[in-house]
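Take a look at the structures listed below.
One chain, subunit A, links the two complexes that follow: it is found with subunit B in the first and with subunit C in the second.
Now for the complex of A and B:
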């Protein structure tokens, strides 16, 4: 690789050997590139096209121009699901990241059994989210759930957490945070271990305590990692679907207060067979995520430290 | 540090790509090369119910025994989460759908419009299968559009009242009977309640379930949900509302758990846990109840209580359809016509999972379990109302649940909820008819 980089500016004729190397390289990346085209780029373009069509269950489409978007702008459900989604992101992302940093810091300490703890914290990330949602749903159950049993032991009256419009979304958020902490923690831990020990030694000599070291060294040095975790968490938050799909039924009183953008997309695409309208919803989700991510990349210059 | 991060990101991406590629390639040979397998004509048969798989395999074996040159391959895709339909729609779009597949009323019309279903009318006329004579008219009409038949009725389901004998014995109350009226039903529930049930046990449950609970009473009361040309909904008709209100009254009277409790733990689960004295349930629940050792010895069933002097019930059923793009159309049609024969319907009925659609095969379902009064499901199925459906049914059912739940929870009156519901539902219909 580095050899090729050096030869490039000289603009001489490429040798046979180089050509061979290139061919080999292209063959090597081909599976990935073809995969991206077949499973990401092509469906994305098709989806974009669908959003300007009326598409039925069998992908038979008739061009309708901006009709889908016009109807979508007037759809109260869009604003309700958007509100729920934003609420979900605004709470789960900061809480999730703070918790992850806290746990990563604790696990970065030289204590016995760190690898066991790391494994335990990482377990939710390798568990099927559907299974997780089912287990939590039972824990929250109003009649038999462990949560109400524990509360009952303290004399607190429990309730139907997932059927109450006031509590349901927060209950789902707890599961979402619980699921994401492990993954984020591992990435933050990797970031922390990349911070040179000499900074800490120098700070200790200058008399800085653990708390001061954490805020003056760890956090600033960790900002690139935090930035990465934040980007992925926000994108993940906007795409939240499986836990809500599994935990909130259609007759639940909390149905309206927990439906997210992706849930709305799913219902139109797969339950109602209106794929054009669903495509328009997904384009809206895409646009929102893109804008927020661009904004973050612009703002990062103010707080992310790449030294 | 940056390097670490890069590695992680790369690793993650590679893993994701790898997984996508694998799943993408996994199921390539569905039936692409499948016209003939070892000199035999291969027919693929799409189904969704694991409980019925053995019966379907018996049917395939019986058919293969008569037709040596045919090989029937069963493809099971679970119904849950719409997986069956998603896969069927994708494979139909790609031209590789199963030759023969189960179809339900919810999807029939849009599949017909999508050109996925083979018109069976001429084939039936030429064959010795006489649909009108051998099948209930309500079931034939479900798969008949513009006088063309798109599926052979497979089975049907109706609803009946199950009860837990132990709870009745303990309270010293007489068991329900087939000739019960709605008033008997409510009065007995009250008696059970007055007798003092254990904590967490209720006389009955009134879940927000259209097909099993409130549609039967709505129709028995002379109400309606969807008009004949599918342009308007009947939620504002006082008769419709009366048919729904009787269920809400059961919750209000404390005879049923409240809606939030039934959302957390389904009424079926409560009945199976021995927490309900009585519960209305579709015939398709029978195998599940009877395989539950906790209750199968102490439960029985009676007919849906008479309402206003009418036997209320909603009938719905599946059909066997042939894929219009099938490469073995003739063989597939022959198989489907055979599935409608007395012989095949008998095999299905004796499987015990469902009630066979054919008139002469209803009896086998009840016979599979002589200890139970399973005839409660079939005694009045000739006067049951067909489930109201249209192309936007899935959307309408969701709307119905979303609005009616506020009436069930008592936060709105049924009148208020129905008024809002009708506006939304009629809008969906006008969009559908555009």
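Now for the complex of A and C:
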């Protein structure tokens, strides 16, 4: 990038060799650029256009201006769904990150067998979410599930966790946290290992104990990594779909209390065939994620520590 | 002092083992259930281990679903996605890292902006494109949009940028043209980047759910994810069958992970370092 800026003021004629390089460069980028334009840039623009149209089952669109957005603002389903999604993010992200930091800290201690632990903790994040959802659904089963049996052994009475509107979303959150902890832990552990040993040595000389060192050195030095993990987790959390789609059926009593934004989008686009309305929903999801991300980048100055 | 430390380590191990248990229990339960008979799976009180390793559920699924076909679809789609992404992202990543051409910065920024947009934004129009191409319910529908990746391009560009320029210049002086330099000198130098991208892409393509669910709806054309979701309807209470399906869907990625553990973990660890 900086090379280009340097050559500009000289205003010399482009040589034959440079032109040859341009041709080579365009050949190198052509397949990717064409693909990205056809399958991403053009769809992005078209989706925006769809959100101002009524697109019916037969994919015929008629321009309706702001109608989709007007309807969306009044749609109670949107607010309920947004509420579910925010609840999901607000609980899974902090709990997930705290657990990841805890495990990373333990693994950062000089103990044996760290690579075995690391491998096992990472396993859920290479596994197909659909398969994971099937297993958890089976474990949560009200009649024969292992969870109720374990709880029963402690004298706690089980129930149909996933069809109870009060508990279903929390049960799905547990799966979400279970899936993401190992992945985030790996990133945080790498961040911890990047902290210079000299800080800890200095602190040890000053007589700081492990707890004090954790809060005064590890956490502050880790804030850029925590920030990165937080951003990606929040974005991911707002797009949760697979597990809930699999675990909560469309006819479930708990459906209303677990439907997330992406599920609502999916339903309108591909079950109800209202693609214009769905496009407007996807724009809303995009806007929310954008706003939150911008907000976080503004707020990071207050707590993220770049040295 | 020494003693205190070993007690401390004991507690650390204890905490980590509890976490390991929570992580691994669902996997064990999946495998154990898959070998049980339906009656055994629903026994009260439940048994932990199956009485015998009973492969009925696996046979059951292979007979009633076009499972071999679904497996093959998933493999083809994964391999195609990996080859496409590696080829296109490596080529473009190299150009963005090392060559100068008019419009470079602008094109690169446009590609990066794709990264910031949540995937659902593209889904409806992508579906329409596949529909217009007459490709719904075909193998190419499964991978076509996924051949092109902004993330992969960015990642490969970073890898190429980190290689010293001298090596490339030496090759050019020896009379290699751009394409020869790229293929013979540069690509081998970013091998670790290519491996990381292969792993990321393979994992993504194998486990992808929403896109194949949308484009391919006939059972024979599905990939594993959507096919597993139909299993639920077909075997509502046959939990061993569901678990057998889940085991078969999960095993290839888990094996790949155990073989390439180091690359998996390092690839992920890198993503956050300069985040």
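To be clear about the criterion, the second predicted complex is superposed on the first by the 265 of 307 C-alpha atoms of A that agree within 3 Å, B and C clash if a C-alpha of one lies under 4 Å from a C-alpha of the other, contacts with A are read in each partner's own complex, and residues count from 1 in each chain.
Convention: contacts are C-beta pairs under 8 Å (C-beta built on N, C-alpha and C of every residue); 3 or more make two chains touch, one makes a residue touch a chain.
The structure presented is a predicted model; accordingly, all values stated were derived computationally and were not measured.
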{"item": "First, second, both or neither for A:78, with subunit B first and subunit C second", "value": "neither"}
{"item": "Partner chain(s) touched by A:217 [first = subunit B, second = subunit C, both, neither]", "value": "neither"}
{"item": "Contacts of A:162 with subunit B and subunit C, given as first, second, both or neither", "value": "first"}
{"item": "A:147 touches, of subunit B and subunit C: first, second, both or neither?", "value": "neither"}
{"item": "Touching partner for A:208 - first (subunit B), second (subunit C), both, neither", "value": "neither"}
{"item": "Partner chain(s) touched by A:252 [first = subunit B, second = subunit C, both, neither]", "value": "first"}
{"item": "Touching partner for A:91 - first (subunit B), second (subunit C), both, neither", "value": "neither"}
{"item": "Contacts of A:292 with subunit B and subunit C, given as first, second, both or neither", "value": "neither"}
{"item": "Touched partner set for A:190, first subunit B, second subunit C, both or neither", "value": "both"}
{"item": "Per-residue touch tally on subunit A - higher for subunit B or for subunit C", "value": "C"}
{"item": "Common interface positions of subunit A, toward subunit B and toward subunit C", "value": "31-32, 35-36, 38-39, 59, 141, 143-144, 187, 190-191, 194, 224-225, 228, 245, 270"}
{"item": "Touching residues (chain side subunit A, partner subunit B) in the complex", "value": "31-32, 35-36, 38-39, 56-60, 140-145, 160, 162-164, 187, 190-191, 193-195, 221, 224-225, 228, 245, 249-253, 255-256, 267, 270-273, 306"}
{"item": "Complex interface listing, subunit B residues touching subunit A", "value": "1-5, 8-9, 14, 17, 20-21, 24, 81-82, 85-86, 89, 92-93, 110-111, 113-116, 200, 207-208, 259-265, 392, 394-395, 398, 401-402, 405-406, 409"}
{"item": "Residue numbers on subunit C that touch subunit A, as the complex places them", "value": "8-9, 12-13, 15-16, 19-20, 22-24, 26-27, 29-30, 33, 41-46, 87-89, 91-92, 94-96, 99-102, 104-105, 107, 110-111, 114, 116-129, 131, 144-145, 147-148, 150, 153, 177-179, 182, 203, 206-207, 209-210, 214, 224-226, 228-229, 231-232, 239, 242-243, 245-247, 249-250, 253-254, 256-258, 261, 264-265, 268-273, 275"}
{"item": "Subunit A residues within the subunit C interface of the complex", "value": "1, 3-4, 7, 18, 21-22, 24-26, 28-29, 31-33, 35-36, 38-44, 46-47, 50, 55, 59, 103, 106-107, 109, 111, 113, 115, 117-124, 126-132, 134-136, 138-139, 141, 143-144, 146, 149, 178, 182-183, 186-191, 194, 224-225, 227-229, 231, 235, 238-239, 241-242, 245-246, 262, 265-266, 269-270, 275, 278-279, 282-283, 285-286, 289-290, 293"}
